[in-house]
Amino acid sequence: MVLSVRDLHIRDQVTGQEIVHGISFELTPGKVVGIVGESGSGKTLTCRAALGILPDQLEVCAGSITLAGHDIAELSVKQWTGLRGSTISAVFQDPSSYLNPSIQVGPQIAEVIRVKKKVRRREARNQVLQLLRSVQLRHPESVYSQYTYELSGGMLQRVLIAAAIAADPEVLIADEATTALDVIVQAEILDLLAELRERTGLALVVVAHDLAVVAQLCDEVLVMRQGDVVEQGTTQDVLYRPQHEYTQLLIAEHEQYGLDRFLNAPELEQA
Amino acid sequence: MIRRVLSLPAGRIAVGILSVIALLAIFGSALAPQNPFATTSAQLGHISGSHWLGTDYLGRDTLSRLLAGSRASIVGAIEVALIALFVGAIPGILSVYLGRAFEWVTLRLIDTLISLPFLLVAVAVTALLGNGMTVALLVVGVLLGPGFYRVSRAAALSVARSQYVEAAQISGASLSWIVRRHVWSKVLPPISISLANTVGAGFVVVSSLSFLGIGVQPPAPTWGGMLSSDLNYLSYQPWAPVAPAVLIILTVWACNLLADAIRDVSGDAGRAYVNARARRPALLQGGA
Amino acid sequence: MNARAVLEVEDLEVHYGLGRRRRRVLDGVSLTVSGGEAIGLIGETGSGKTTLARAVLGLVPFSRGRVVIDGQDVSKARARQWRDLRRAGVVQYVFQDSLRSLDPDLAVGKSLVEPLLIQGMPRAEADARARAFLDRVHLDADLLGRLPGALSGGQRQRVAVARALVTEPKLIILDEPVSALDSANRVLVLEILKGLRESGIALVFISHDLGSVAGLTDRIAVLYQGELVEVGPTRSIINAPQHVYTRLLIDSAPTLRSAAAKRSERESLRALLHA
């Protein structure tokens, strides 16, 4: 078990209001959990809690998160720094805001490697090139020495994924990682994540507001609405036997204004 | 917009003070109880029934001099502001519409002007060209122009490239329609704020120049000049500089207060303000 | 359904930039739209979809080609002709971001009647006329006094759609009208657009979201790097795309049930496209 979230409740210390009312899921190596919800549903806060980066005014008021055997409530700052990157890592929505625009992107990843794996400069550069190749960037050497403004959204997101997996984490959280990307690029990134999971046993938490994005990649799906988990189950169960009306609404919307009803593609086998 | 400004307490205070100052400028001389030039033998006299603020080193009534001197300072400040407005705002707005070359030239000119310290330059120019307040005011006005340029250019830019202007164009709006309906309301507030601030700055400049003895034809009274001479006789009348100093400070403060009040009712802050008022049912009509 | 063409675009070419930086953003694009028809324009960022819309609206000059709106050739039109055409209210446009396309300092009611006022209609008549359209977009009249910032995204977008309706246009071009909306509002607006189509208005629906395009349009045109690579009935384009790019686009679109299975197909299409 790499990540275990048990009945997590998150509260605003200032107003006293509870924002997340209990969410639970477990990640084992190679497993992908998807969280679907609209803004304000609490999905991003859950991720931040798992990364130990909740905003100051919010706190975990009930439940627990266990990461690689450690209860995160008991982790010191130093321990967290050790865990981030090498055990748990993340990519977010706007890739360019997570990179320094005045430094080439390659050295920024190299720095992560040097710090986390304690290798020398040359070795770090080689590892970066290898990483860039593994995220399917076709010309790693030239990407290495480019700046953020020279790279497209899709390429930047790949660079960030490369940085995120540089220290071989066990869990990668992708919080709306494909929301701002074009359709074809979004599929590329999702396929990349699927490939990483197959190749390295990486466990993923994929957060999106589109049920279809989540359905593409995930084994288990949680549907969140205003802090509550209204539906949870395997992808098959949620898609074919939705219990909650909100889930049914999301599915109906896809069927009304989605490609599904037009595609004559064979349906996936029902479990 | 004026209505909105007056609805804020800060706005009312600022407008109130400035109205009094403006009245002083217009009627100052007439209100003076004594002849501001009349010297008496009661030099450096104390506050008394006939001299409410005492007399200066030549026995002239301080209060009368203050009242009479108000016009020069205030008119000077307004002149400076208006010169800055024309020198800055017009090229600023035009730079958005007249093409790259014009834009480039004006930007470079503005960069040059900004780099000059206006008070020193004013002093230097009057030293070169003679002791005239007019010249000094002109110079300072020009040097304060860049502030207006930047502000009006920024406002015009944000409107010119906006989608709501395009939406109006798609519906067939003429340029004058767009200016009247959309551009004006975006450009007027920032320029008004700049104007209020610049009047305050101009006031400081005029007072400083007259303090330094520039542009003054003695024995004409000015607040800055009075402050300067009061400081010479501080040991005799330690309380004397208070009056002109307070007037100067009060005026500048009121100008800045007005600028802040305008800022609070325009732009983003202004929209929040309008939304808050719109929630009261009696005031459902939004918009400027 | 009126079968006469409301919009005809023939061999359109648009360039951006000067001198050495000059590049072609639209190349030989031809398209026809009839009354009561909704055509979807799909393609990724940089494909030229928005440029095409702006060229048709006269906001961007084109270097070659013909554009005919409701029988009137506007290819060589100058400012005055454009102004007259626009004031006739034949074509309207809905922007992607309603927050930016409504004047933030004007009450939405005032923005709503603007097209009518520009036409010269007296204020009272314009107000009455505009209110008739509020129903079609399910908006309450008491929202009209608010500033755009005080409305929700869905409400704002509906105001933008209503504004596009007040002159009773024959053609409405919509640029990503539902991209910024949440599920419920998205469906609501798409339903409204469907109703418009049924009432005989021609719609050009620009979107990268194939789902909404699939649900709303009769035909789809695919733009790739400034060229129209495929045009056809919606059903055919989605079920039997011909061009590599279209196939990759359809395969990449998130679907509830079939996306995962198509991974290898996507990989081979990508390889083909980049070759």
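Each chain carries a letter (A, B and C) given by its place in the written order, and its residues are counted from 1.
The working rule: a residue touches a chain if its C-beta (ideal position, glycine included) is under 8 Å from a C-beta of that chain, and two chains touch if they have at least 3 such contacts.
Just so you know, these numbers come straight off a predicted model, no measurement behind them.
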Identify the chain whose mean C-alpha position lies nearest to the mean of all protein C-alpha atoms shown. C
From chain B, the most remote chain by mean C-alpha position: A
Express in whole angstrom the distance between the two chain centres, defined as the mean CA positions of chain A and chain C. 33
Whole-Å separation of chain centres (CA-atom averages), chain A against chain B: 56
Give, as an integer number of Å, the spacing between the C-alpha centres of chain C and chain B. 49
Could you list, by residue number, the parts of chain C that touch chain B in their complex? 57, 59, 82-89, 91-93, 95, 97, 100-107, 109-111, 114-115, 118-119, 142, 145-147, 149-150, 163, 167
Considering only the defined contacts, which chain A positions touch chain C in the complex? 38-39, 182-188, 191, 194, 209-213, 215-217, 239, 249-251, 253-268
Chain B residues touching chain C in their complex are 162-164, 166-174, 177, 181-182, 185-186, 270-272, 274-275, 278, 284-288
Where on chain C is chain A touching in the complex? 44-45, 182-184, 186-187, 190, 208-212, 214-216, 234-235, 238-239, 248-263, 266-267, 270
